[in-house]
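To keep things simple, chains are lettered A, B, C, D and E as they appear, and every chain counts its residues starting from 1.
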Amino acid sequence: MEMNASDIKHTPFPAAGTMTDAEREELRRHGILLTSLEELYNWGRSNSIWPIQFGLACCAIEMIAAATARFDIARFGAEIFRPSPRQADLMIVSGTVTKKMAPLVVRLWNQMPEPKYCIAMGACAISGGPFKQGYNVLKGIDRFLPVDIYIPGCPPRPEALLNGLIQLQEKIKGEKLTGPNAARHVRSDVNNEHPIPEYGAHDLVPSKNTALWSPPASPTT
Amino acid sequence: METVEQLRDRLLARFPSAAVAAVTNPGAAAEHSLLLGAAQAREIAEFLRDDPVLRLDYCSNVTGIDWPEKEITDTVKSTVPDPAGGPSKVVETKTVRVEPGYLEAVYFLYSMALKHGPVIVRLRTANRTDAVTLPSLTPVWRSCDFQEREIFDLFGIVFSGHPDLRRLLLWDEFVDHPMRKDYVEPDDYEWEPTAHDEVLVRAKAHQAAVAAAAAAAPVPVVNPTSSAS
Amino acid sequence: MNPSGNSCGSFPAASPFAPVAGPIVRSVTDPFHGDLLEVSMGPQHPSTHGVFRMVATLDGEQIVKLKPVFGYLHRNHEKIAENTSYLASMPYTDRLDYLCSLSTNWAYAFAAEKLLGQPVPDRAQYLRIILAEMTRLVNHSCLVGFLFNDLGTSFTPLLYAFREREKIIDLFESLTGSRMMCNYQRFGGCRVDPTPEWLEAARKLVENFPRFLDEYERMLTGNEIMLARTQGIGRVNAAQAINAGLTGPVLRASGVDYDLRKVDAYGFYGRMDFRVPLGDHGDTYDRYMIRILEMRESVKILAQAFRDLPAGPIMDPKAKQRGHRPKAGEAYGRIEGPKGEIGFHLISDGSPNPYRYRVRPPSLINLTLLEDMCLGHTLADSVVILGSIDIVLGEVDR
Amino acid sequence: MLGTGILNGLAVTAKNFLGSFHDPARLVTVEYPEQHIPVPEAYRNFPFLVSESADDPMGTLRCVSCLTCEKECPPQCIVIVRSKDKKPDATGKAQFYPTVFNIDTSVCMGCQICVEVCPFDSIKMDKVFEITATNRFTELLLNREQLAKSNAYYHQIHPVEAAEVDGRLAAERLAAEEKAKAAAAAKAAAAAAKPAAPAAPAVPAPQTPPPATP
Amino acid sequence: MSAVLASEPFLERAPLELRDAVVQLLPAPAQWLGHHLITILAVVLGFSLFFAFTTVAERKLLGRLQNRLGPNRAGVPKFSILPFHLRHKLFGLSQPFADAIKALTKEDIVPAAADKLLHFLAPVVVVAFSLMTFAVLPVGRHLVPVELDAALLYFFAAGCASELALFMAGWSSRNKYSLLAAMRALAQLISYELPLILSVVPIVLVTGTLSTVAIVQSQGVWSFGLLPHWFVFTPWGFAGFIIFLIATLAETNRSPFDLPEAESELVAGHLTEYSGFKYALFFMAEYFGMTALSGLGVTLFLGGWQAPAPFLEFIPSYLWFMGKLVGMLVFFIWIRGTLLRLRIDQLTRLSWQFLVPLALLNVGNAAFWSLTAHWSGPLNLVRWAIALALVVTPFLLLGRTLSAGFAPRTYRYAS
């Protein structure tokens, strides 16, 4: 993991005209028209990421701070926080997801139109964070949703969120529309609507979506 | 402001049949409290609110507390004279008794009109299982509304006379009262990379359960439930 | 519609995005015997300040019933605190009221010091006042911004407030290391001593703060739409407010003179010269104005604190840094937080962890009268009334 | 007159609009990836482990695996496995060292309590915050190799604090050396006086010279 | 017409010359069709482009109002087949194109319970009708798509259909918030159509025509060769202009009258259930509506394409029109950045108790003005004084009743 600020090189517009042979070959195989369309499409999407206006807890304040004058997420074209999920492209899960809230988060996700992305902002959204030992706290939103970018921190600074957004833009710019590595939303074999868990006697039923949640063998042995 | 003892005596004079006791707080804060019997708690509360000297018009905080059964070992020292005429011996007799558990609601009362307080009032249930009803003080102080609902939700004290006693924080399908000391949390420890102490114990229990379940049959792991009221 | 008001259990059907059922369409076609419309606002709603939910029953646009639903951010703070040491709960208190961590820190430290019988040195007392009042400035100015968002501005007042907030937050960060989660107070004092440069920067900032307030007020206070939208909306009289346990600016807007900084004079507030503004109408406008006036008083308190700040230790030398084991007993410590009386009720059984750890959440209890305030007003007013109460969900649900 | 309040409001926003072209106080945006807001010295995000030298970070960790931080960590995100053997530390005292030192940054709340309780100044707060991950299991669990940063790095990010810590450690080291010398002298004297006496206990002599601090 | 045209400077007639040149290329029977198609295309494309840049301008201006920069880094897409890549970010001016690409390719969700047909028709109707209003706006001296004698009637007929489309959208979504928004939209439509039209009546009264072209031409007079005789510079015209502005804000659902979309109350109001391109169409229609009404305001009150002074006429007339239009839009954005939203009852009260009476009185005022057109010399001053009094007095009186009971308060402190 890169922990050094200087190591994270942000190049929003990488130098053109420096194609490698492999890239040329790739381009030829794809067809120039398709590739150019893909590039235009990805450029448009990556510069117009509208997040859903949806704050959960402490991190939401830093999310708001990222939208305020000093950090100004608007520079990336992402200041239009849509209150309705129907018009949103990005869900920033900013804060602790409790078990009472989790079904609603999944419902909102399902209500968002494709293509959609998810950023887990802060320790609580990633893993339950400091509150993970609580009986009503979901240990990470990735139990129910596919998370594209995790931003650790408690709470992450607004710059960290902007950095996450830039990483997401890079991810979108690199997405393919065809082939085995095609993006999630164009693949017919991937269902991006996820079942909404129900309230059970102590926990959500089911307590995780096994299709998404696949932790490695636990190191606590 | 009167001391707790004076207040107790005043209340006993006003409500002769009521159960009122002073509870001392041994801590540094030394904020002593009054233990009221559940039967007349509502009338006493109204008196506390309306009495012109007290005018405790503001109930600041309501705390629910769970006191589970405790095993208490009493050590009684008795001096037994030596029948042989020698120096008398000190004999320690240990008796183990089980102190019954109860649930408690503590009300912190202040006076906004006279700017004094706090008067701390405690109500106790008879036990933790079936006799968990206390009179609601929400009709006296509306500020108890959400707090009593929260205590009902998390501790399971049933406040009779509460206008809208529903779970406050958890969902309605929830069956237990998680703030009780013996509540067992849902078993949820697949990924605990930094577990230690209690977490490690629970995580290991989870892994053992999963392994056992996998060995036996593909049956989902059922959450262990604690004392459901 | 559920006549019992028990709407907790039927969540999915009442979701804001669930399709409108038959009865509502009838209310459109039949204007004379229309049914009531039940609208579930939240937990994802732009104006519920987080994951709060209100189930409002509307007759046209008028509210005839409104039930708040809590718990969407119930993250078990109290239970976690009972399983961990006294010190380890301190950073969790930052996350209770995440807009004003320094006040909440103080409330917890205050209760724990009461439980431990721990004195606090003078310099730390002054530092606590300085940081708590700066927190009040942050909270109140941001609250006004949020309130105007609810009133329908395009974020402009909020962004001006956050511009000033960033300046104060920068100071918090350079002192405590974190923008929001300051984790600054300790039992028996404070964690870090500010440098003279820090104090000078803070003093200058506070000195300039009234200039921002003047501009803010010029933009907002006299605005005719603002007056029409807030005056007479969500009235609470003094008796109601006291009985419902409202505290903080919401209480004082109803004309009740009860400010713990005066009543308890905790810390060194007894040495400070400041006034307590009171409202006469108890409506949304009063709640807004009380906060503006309180900010002006806070600036005064801060000026005095900077002037009188003594030299000396910031930590009681006899205080334990960790492994606190207060003797059995209990203590209730409360301070005047920006949102109202924030209290901690700690019960010790002599072990290193608190036996019972209870937070008295001002935001939650201030919501007691939400329905009363909203009845008879419109849906648009309900979000404004909620905004004027000033809640933060971390504290409401804990 | 009706409308004056609205006009006042319009005047304020117009002032801010015009101010944004000439007054830096009215255009506060920092264009993030190109410009950075300087973080103060006290800033904290996640902890790191201080090692004396950058060349051999694992060999020169200050951590003696006393487990205090593991116990005090509020969200319990640290796990330490103490070594079976002992290695000499900077002062030459034989100490345990952590064979495993993991911090789960997906849980860590950056509260600095581990730093406060550490008696050996071996865990400090890092300032790096621009972190993203695409897999939380593999990328956010930091092991001791990832956590170890040199004392030079510590000096770079917290200059004032690091100087203070170094001064304190140097004093301790000096005291330890004095003590060791005194013990050695006493031992030599004792050996000279009583050749048959048992070896002097306690403080072992430094086996390696303490690494120079930058 | 060509004789008139020929005497114009080249820039003034360039657009028409271009059109004619293209039309000449077509076979004779298709020339009529080609003529109109090119006009329609020019209007649609021109105003669509204008819309695109209005959105980015709005975001940037709002940003500046709020001490920030706004979108500034969209730049140009990088095409790997091209040997070069422009790395300049173009000040974010390409932002609307990114938004358009995204909106076009976004999944379209129609709720299962929705009325599918109306849900689909609403955005189409709203855009179609708001585009139709452009037909009668004289953009330049010779640039008016359709010269109608009853242009104003046509404009308002087409314009108010867009509010009905909002109702369609709100009702068909079968979402509670949308439904409330639909009701609000309807109440707003009924309340504000009246002051909007009444604010225009004085101009019709004074000029005696409903044709927009004629109205603009009647404003092309200057006193002393310097002071333009735009209607906004008369007392009744000024009052009418202010009423027109307020009613325009309400008609186009702009802040402080954005009740149907009220974000803080109704989530996204009638748009709650719209996604992808349908949402973009609504967004577009809002800006088209705003542009069209601003254009009408410019035409009626601000002299249309007329230059403010005769010596400035060397600048082509369509640029003057566009300049005034941009000025109006900037004002709308400024209002949006400052003001808060009214409540629905206050909104209707403002209309019926304040704007409608004022507009009615204003009609009388205009009647007085046109009856006294022959007054000159000192009588002219009397004429101005009377007309001014007829504006100011009712404003003060009605304003007092409207704001009765609302005033800043003074506060007491605890002793």
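Rule of thumb we're sticking to: a contact is a pair of C-beta atoms (placed from the backbone, for glycine too) under 8 Å apart; a residue touches a chain by one contact, two chains touch by 3 or more.
Bear in mind the structure is a predicted one, so any value in this text is a computation, not a measurement.
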{"item": "Chain E and chain D - chains in contact with each", "value": "A, C"}
{"item": "Furthest chain, CA centroid comparison against chain E", "value": "B"}
{"item": "Chain centroid nearest the full-protein CA centroid", "value": "C"}
{"item": "Pair of chains joined by more contacts [C-beta pairs], B-D or A-C", "value": "A-C"}
{"item": "Between chain B and chain C, centroid-to-centroid distance (C-alpha), Å", "value": "28"}
{"item": "Length of the line joining the C-alpha centres of chain A and chain D, rounded to whole Å", "value": "31"}
{"item": "Centroid spacing, where centroids are CA-atom means, of chain C and chain E in whole angstrom", "value": "43"}
{"item": "Rounded Å distance between chain B and chain E, as computed from the means of their C-alpha atoms", "value": "66"}
{"item": "Multi-partner residues of chain B (at least 2 other chains)", "value": "169-173, 178, 191, 193, 195, 199"}
{"item": "Two or more partner chains touched - positions in chain D", "value": "2-3, 6, 9, 12-13, 16, 27-29, 31, 74, 76, 102, 104, 107, 109-110, 137, 141"}
{"item": "Shared-contact residues (touching 2 or more other chains) in chain C", "value": "11, 17, 45-46, 71, 74, 76, 79, 83, 91-92, 95, 155-156, 159-160, 163, 166, 181, 219, 221-227, 397"}
{"item": "Chain-chain contacts as defined at top", "value": "A-B, A-C, A-D, A-E, B-C, B-D, C-D, C-E, D-E"}
{"item": "Interfacial residue positions of chain D with respect to chain C in the complex", "value": "2-6, 8-9, 11-13, 15-16, 28, 39-44, 72-74, 109-113, 116-117, 125"}
{"item": "Of chain C, residues touching chain E in the complex", "value": "16-17, 19-20, 24-25, 28, 37-39, 45-47, 58, 61, 148-156, 159-160, 163, 219, 221-229, 231-232, 257, 259, 262, 275-281, 285-286, 289-290, 293, 378-381, 383"}
{"item": "Residues of chain A defined as touching chain C within the complex", "value": "52-58, 60-62, 64-65, 67-70, 83, 85, 95-96, 98, 100-101, 103-104, 107-108, 111, 124, 130-131, 133-137, 154-155, 157"}
{"item": "Complex interface listing, chain C residues touching chain D", "value": "84-85, 87-92, 94-95, 156, 160, 163, 166, 170, 173-178, 181, 183, 191-192, 215, 218-227, 321-322"}
{"item": "Chain B partner contacts - residues on chain D that touch it in the complex", "value": "70-71, 76-79, 102-104, 107, 137, 141"}
